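Input: one structure, supplied below.
Letters are used for the chains, namely A, B and C, taken in the order the chains are written, and counting of residues starts over at 1 for each.
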C-alpha cells in the first residue's frame, strides 16, 4: 500500500485550497477525497504494527475499529450538520460495499487461485448472527412508520429510535465480551500460522501509536471539510445524493481496507478478509449507526432510525445473500461473482432510481 | 415449583369475588390471573408424572399439549365472545414469548454455565421446518388482503382462511405421525439419560390422571372468567389491548413452563427446553391457531386468518432470528442475549406503537 | 413413458382442427394441450439417449435445457404477441410447480420407501444460491416500482429491466462454467452408479439427434397455436388468467419431467430428481425469464421485469421453503408433504384471489 502514501500531499493541498485560497466547494471536496484515501491506509498500517505488539485478538479488533474511524468521523460531522439522510445513506452504502463488493472481490479473486476457500465458520456465524440482529432491528421502526399504526407520533418514534440504538450498542458490547473474552479461543485463525514464522514489527510501539493518533486527527479535519463541501460539490458536479451517499463516501474511507481484504484472500487467508469486510460491516451496523442516533439525541434532535425502503431492502438483501454464500462453510469464485453482481444491481438501482 | 401451589388459593377467591361478592371486573381479573399461574404448574407436574408411566415419547407430547391447554381454553372462550383480534394477538404473543423470551433466557442462563449448549439438531430442524411453514402460511392471506387484489371479498377470505386452517392442522397431524411413529428414534434425547438412573414416579397413575383432569376443568373455569372480565379490567387499569394480548395473556399460561425450560437448560438438558419453548410455539402456530379459525367457522362466523402487519412481522422475525441462532448446532450465552434483546425490542414496539 | 406416445396423434388432429376445419379456439387449444404433453416426453427420451453418448455432465445439462424448450417457445410466442403478464405468470407458475409440486411429490413418494433420502449437497447449494440470487434480483425492480421512488419512469424501469436481465444471464453462464468446467467433479452423482453396470443406448446417435430436432420443431408449431388460441379458450371455458398462467401452461410442458422426477426418487436417485425439478426452476429463473426480457427489447418494446405482488411472494416463498427443507442434507416424507401443502395453499390462493 506504500504507493498510496504519495497521496498524502493532498492533505496540505486541501487545507490551502480551503482556508488559504478559499477555492470553490467542488475543488476542495475533490482534493479532500484524495486526501482521505491515504489516511485510511496509514491508519491501517499503524494498527497492523500495533497488533504485532498486542497480539492478534486485540489487534484484529483494533484494526476493524480504526478502519471505521473515517466513516465514524464523517458521519459524526454530518449528524452535527443535521444531514441525517446522508448519514443513513452512507452507512447503508458502507454495509453494501463491504459485504457485497469487497467480500465478493476477495472471494472471486481468491477463488480463481484456490478451488475452495475454507474459513473459520465461527467467525462468520458470530458476525452474521449479529448482522441478522441488526437487520431485524432496523425493520421494526421502519415497519411501524410505514404501516402507519395509530400509536406513531414523531415523539414516540424518536424515543423508540434512541432506545433501539442503546439496545444495539449493548448487544454489540456483549458481542465484544464474547469474542475477546469468554469465547476468544473459537476464533483462532489457523491460516495465519500457515508459514510457521512470526512477523516482526517494523515500527516501534511508540511510533505506531503516534502515527495512529496523528492520522486520526488528520482524518477528523478532512472529514469536517468533506461534510461542509459535499453539498456544494454535488451541485457543481451534478452528482445525486444517492451517488454521494451510497457509493462515494463509503468508498473513500474503505479503499485501503478493500485492497487489504483482496490481498489476504489471494494469500488464502480468507478469515482476515472476512474480518475486514463482514466484521467491519457488522461494526457499522451494530455500533457506528446506533452511535450516530445517540449522538443526535445528545445534540438535542434525535435522528429517526428509519431507513428509506430501498436502503432497508439493500441492507437486508446484502446480509441474506452473503449469509447464503457462507452457509456451506467453503466458498468459490462463482459465489464471489454473485456478490459482485448483487452489488452492481443494487448500486445501479440506486443510481437509476434514487435512494427511494 | 411447589411454592407456586400456594397461589391455588386464588381459585376460590376468584369464584367468590365473581359470583358471591360480584366485585368489579378489574379485581376479579387480577385474582383470576393469580389463579391460572399455579394451575399451569399443576398441569405440568401431573403430565410429568404420567409421562413416567407412558415413556418419554408420549410424555413429551402430552407435556407440550397440556402446557398449551390454558391458551387453548382462553382463546376458545374469546372466539366464542367474538374477540377475534384478542385471539390473534395473544397467540402471536405466545409465539414471541416462547421463542424469544423463554428460549432466550434458557440459552443465556444455561450458556453462563456451559461454554456451548449442544442439542439434538433433528428436534430443532423438525420444529423450525413446521414453524417456517406456519410463517409462510399466514403470509399468504395477509398479502392478498393488503395487496388488494381484485378477487378479494370478505366471503373469499373467510373460505380461504378455513381451508388454510384445515391444511395446517393436517400437516401438524402428519408431523405427529412423523415424530411419534415413523421417525421417533431420531428424536432420542441422549441428555436425559445422562445420570444413568431412571426417575421413579411420585404419584400413582390414577392420581396423576385425576389431578390432570381436575386441573384442566379449573383452568377452563378460570379462562371463562378471565375472558369475560378482561375488557372491564383493561378499562379500569388503563391497559392497552396490545399489552394484554401480546404480553399479559401469553405470560399467564406460561409462567410454569418458563421456569421449567430455564431449569432444564441450567441442568444442560437443552433438548427439553427446546421442546418446551420452540415445540410449544410450533403447536400454537400449527394447531391451536388453526383450531380457533375452525371453531369460529363452526360457531357460524369465520375468523379471518389475517394478522396485523406488526403481529405478522413479529412472528416472522422471531422464527427467523431463532432459526439463525440454532443453525450451527450449538448455542452460547450471546445468542441467548440476542433473543432476549429481540423480545425487548418487539415487545417495546408493541407497547409504544400498539398492535398495528 | 412409452404409453404417452399415443397422444402424439393429437398433433395432426390439432393441425387439421386449426388450419383445415378452422374449429373454434377452445377445441383447438384443448387438442394442442394434449399434443404438447407427449412431445415433452419425446424430447426427454431423445436427450436421455444422447446423454448416453455425451456422458452424464453434458447430458444432464442437455436434459434440463431441452425440458425447458416448451416453456421457452410458448413464452417466446407470447412475448411476440405482447402478452407480457401471461409470460411472467407462467414462468412464476413453472418455478412454483417444479420446486413445490414436483420436488414435493418426489420427496414424499420416495420418502415413503426410504427413511431418509440422501443427496449431493453441492447440487442443492449451487442451485439454491443461484435461485436465491434470482429471487433477490426480481425484488429490486419490484420494490422500486411499488415503493414509488421519485426516479421511477417507464423509461428508467425498462432500461433497468434490460440491464438486470443481461446480468442474470451472465451469472447463469458463469454458473454453467462453474458446474460444467471448473468444479464439475463436485457434482458427481454417486447414486447413479449404484447398480454397477453402464446403461447402453437404445437409439443410434443420429436417430436420437433427429428425433430431438423433429420434436423441437413440433413443439414450436404447437406452442405457436397454443398462444394464439389461449385467449379464446379462456373466454369459452370460463378459465381465469391465473389458472391458465400459473397452473395450466406450466403443467403442459412439464408432465413428462414430473413423471421422471418421481420415478427417480422412488429408485433412490434423488440427485436426478433435484436436477430435474430444482435445476430446471433455476434455469427458468436465471435464463428463460431474462431471455424473454431481452427478446422483448429486441422486438422494440421492453417487458418490465416486474412480477405482481403475489407472483413475487409465491416465488420467494417457494425458494425459501425448499431451501429450508434441503438445509439439513437429508430429506423425509414429511418435508415432501410440506412442499405439496405449500403448493396447494399458493395455487389455491391464486385461483381464489387472482394473480394479484
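One rule holds for everything that comes next: a residue touches a chain if its C-beta (ideal position, glycine included) is under 8 Å from a C-beta of that chain, and two chains touch if they have at least 3 such contacts.
Since the model is a prediction, treat every value here as computed from it, not as a measurement.
Superposing the C-alpha atoms of chain B onto chain C requires a rotation of 120 degrees, rounded to the nearest 5. Mostly differing positions are employed by chain A and chain C in their mutual contact, as under half of the interface residue numbers are shared between these two copies.
Rounded to a whole number, the gap between the C-alpha centres of chain A and chain C is 41 angstrom. Listed for chain B are no residues, as none touches two or more other chains. On the chain A side of its complex with chain C, the touching residues are 115, 309-310, 313, 317, 320-321, 324-325, 327-328, 332-335, 337-338, 341-342, 344-346, 348-349, 352-356. Taken in their complex, chain B has these residues touching chain C: 121, 125-126, 128-130, 132-133, 136-137, 139-141, 143-144, 147, 149-152, 156, 159-160, 163-164, 167, 170-171, 174-175, 178, 182-183.
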